[in-house]
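Look for chain A in each of the two complexes below; its partner is chain B in the first and chain C in the second.
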Partner chain A sequence: MPKADRWSSDEEEIVLLSLLPKPISHLDEGTYGVVWKARDNATQEIVAIKQIKFDSDMTKEGFPISALREIGVLLSLSHESIVSVREMVVGSTPDKVFMVMDCFEMDLQAAMKKGPGASTPFAQSEVKYMMRQILSAMAHVTSIARKYEHPARNMTQMVVTLWYRAPELLFSESCYGPEIDTWSIGCIFGELLIKEAILKGTGELDQIQKIFKLLGTPTDDEYWEQLWSKQGSTFKWKNNDSDLARTFAVNSFSATGQSYLSPDGFDLLSRLLSLNPKKRITAEDALRHSYFSCGVTEQVPMFYV
Partner chain B sequence: PSVATSSAASLGLNLPLTGLNATTGCPLAWREKIVEWCYQVVDHCELGRDVVSYAMSYFDRIVPHYGINDTLVQLVAMTCLYLAIKVHCSKKISVQSMVSLSRGSFRDDQVLKMERIVLQGLNWYLTPATPHLFLEIFFETTQDNEAMNEIKDSAS
Partner chain C sequence: MTKPDSDDLFSIFRLSTSDLVDQTLVLLKQEENPHYKCRDYLRNGSSSSSSRSRVSAEARAKVARWLADIVDYFSLQRQTVAMAMSYVDIFLSLRNVRAASEARRSVTKFQLLALVCLSIATKSLEVAHLDVETLVTASQGCYCADDIREMEIVVLNALQWRLCAPTSLPIAHRAIALLTKVVPRLANGANKHNSITSCL
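Showing the complex of A and B:
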């Protein structure tokens, strides 16, 4: 086991490129360990070192479950768009456990701020490039981590940051699969287009209202009728029509600050943001969508070059 | 072997090693008993039996590294099952429950210390491809539901 002093760090805090933008609310911040940028003194490589956060449970129930799962999954994944864990390092005391990971310059959220200028939208070709990266990473995760799909994850209701949380989770659906992740990707797609989170709820109820306002209230939907009757819900939601087409303009050259969006792109967006998780497009199918095969070709975003 | 000795000592289990062959690890009869015990625990806690395949994968990877006596083997087995449940099951089983299921052979802190030893011994690889997982995917692909249900109740 390598010694922790193999790495030196100027203790500058950095963030990792992850599938979701950096956690937003303070509540979520606590679930992530602190990440440091460090130099590997043996190879001079720059790495990111993440210290596993131990809560008070640690003494009672051993190594934290969420960290175990994250380590387990990251170690078994190998994909160019997914941050890889190089090794685990154990320090002198039991609360010092570190993940040594590849270091990325910035995460998606920082990239959105940098880009070609905070107010300038990405080109459609750049959005496409990033969406393909995210979707292919997700397709990889889904194929590898298939065992995590169902019950193993139903304790993770609180794990997805509120703004990216699928509607069924907000109604405490306990049995779910990779559809919750494709919902999050839909939210990110929208965010890449307007450079701002599309569903910024202030709480769970507000989040639901924002979702139904944007996408319409699910009426005559078998899935939602079943879920609500299963829960004995008597709450009546105000009937809304979908606002998606008005929010995201298709083939528009106007200076709205939105990236150009082809009809194919809009179709993909609405399929990712399907309220019915059973009808939501899978990451794998999304990669086969005409959005990627037709229209402008992908291009590496400016902030990468 | 030196790791095992020091681990045993740090666990307060200063028991003499019984001269087990370090390369073969644990005798098959013991292994069988351990699997049986795992099934009992898993059935008792109403968990999926497939978690035992992960526990035994951990166990088989750990044991050959350390010459382990019969007491320590029980602790290692229990810890492997505890760890596999943590990683692969949605239901939480506390250390205390695990300890009481061993009829008080070990203390909580011994399990937790062993957990660290096992984690490091496994190099933190907690999601192995087990034969059980392979069969599950295989029968899912062939859509053989009968075989599918059968392996859900067996293996390891």
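Showing the complex of A and C:
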């Protein structure tokens, strides 16, 4: 069993990393946990150590189910674009559980904000490279999840950071599949293009309004009509037309602060950000999209060098 | 036993032959994963009497039946017992873990291990879960809540959180489905596949 003194962490070296852009509320911080950078004294390698956080009342029933399943899934993943979990370590008391992972210099958001050339947009070839990495990682996760599918996935709606949360989750749909993840990838795609989160809601209601403002209110949509009538909703949403084409300029070199976007790229973006989850493109299909097979070839982004 | 299983048998029987072969291979490959390695701890050749395993085949079977009783009472899946017993076997196979050698020597510790493994399997497979109070009751007061919580973290740590351990049931289901495709004559007999679920 690994000993706790195998890893040393210099207090000053502690870096707060998070898998998704900055946690917005205290609850989010709880779900992601804090990550330290540390040195493995046995191999001298630099690793990232994430503490699985849980409240004392959560441990009344022993190790929390959500954390148990998350760890199980992460351990079963193995993909070049997914951070790999090296091992799990238990500290001096049972509530101190750590996940030892490969360490990376920066996460995507840090790369966008601090990397070389941070003030200029990414080249289309770089965006394409990153999008393929993200999508192929997601396709891998989906295939693993299918293998270990649990009878019912009764999770709360508080599962994804607000800005990346799919619209159906905001309407308390509790049963969902991989479509919510492809929505998040659509948000990240937009963010890579303009180097800024595209849907920065200040709360759940505001988030819905921002989504409908960007993508139009889903009128005449079977899925949304069903969902709203099921919930007995009488609330009338302001009728908007989609603003997506105006927000993301296609074939334009003059668009200020935006990466060049081909018509194929715009098509993929709009399919990822489909309001109807049933019509949203899957990660596998997205990888087969003409965006990746036509136009400029992919290129490793500057900050990797 | 006609209890529904985690594997939806109906859909397994409708899979194509190549899908069945693929799935069976994945399941078989899982057994080779070093994390799920098992040794025959029931018949260990240790010479010193102090470290000899007191867990016999009978004791193991008895404990498996006990877990099955609990699972049936709460209308959970039998597959959960199979998974729990898989954790028990992997844990008892560990050589350098103190709690594992204790569980091999002491019947009380062995039963606690089985109960905790059932709880972990329930957490990872079932929608409902058995709360600690229920487990205390199931042990008829043999163990207190703290015993269970402490043992749980020891077991999780020893298993290195690898909780997708292989069990024979999913492989058996696919093997039967494959056979019925290859030998159509067997198809009628396959209706009796439910009886397999009750043999662990």
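Here is the rule we use: the second predicted complex is superposed on the first by the 275 of 305 C-alpha atoms of A that agree within 3 Å, B and C clash if a C-alpha of one lies under 4 Å from a C-alpha of the other, contacts with A are read in each partner's own complex, and residues count from 1 in each chain.
Quick note on the criterion: contacts are C-beta pairs under 8 Å (C-beta built on N, C-alpha and C of every residue); 3 or more make two chains touch, one makes a residue touch a chain.
Everything quoted here is computed from the prediction, not taken from an experiment.
In the superposition on chain A, contact is made by A:88 with both chain B and chain C.
After overlaying the two complexes on the shared chain, residue contacts for A:246 are found with neither chain B nor chain C. Of the two partner chains placed by superposition, A:236 touches none, neither chain B nor chain C. Where the contact sets of chain A with chain B and with chain C meet, they give residues 1, 59-63, 65, 68-69, 71-72, 75-76, 88, 90, 94, 147, 151-152, 154. For chain C in complex with chain A, the residues that touch the partner chain are 6, 26, 96-97, 119-120, 123-127, 129, 131-132, 148-150, 152-153, 156-158, 160-164. Every residue of chain A that touches chain C in the complex is listed here, in rising order: 1, 59-63, 65, 68-69, 71-72, 75-76, 87-88, 90, 94, 97, 147-148, 150-152, 154.
The touching residues of chain A, when paired with chain B in their complex, are 1, 59-63, 65, 68-69, 71-73, 75-76, 88, 90, 94, 145-147, 151-155. Contact residues on chain B toward chain A in their complex (touch as defined above): 82-83, 86-90, 92, 94-95, 108, 111-112, 115-116, 119-120, 123-127, 133, 137.
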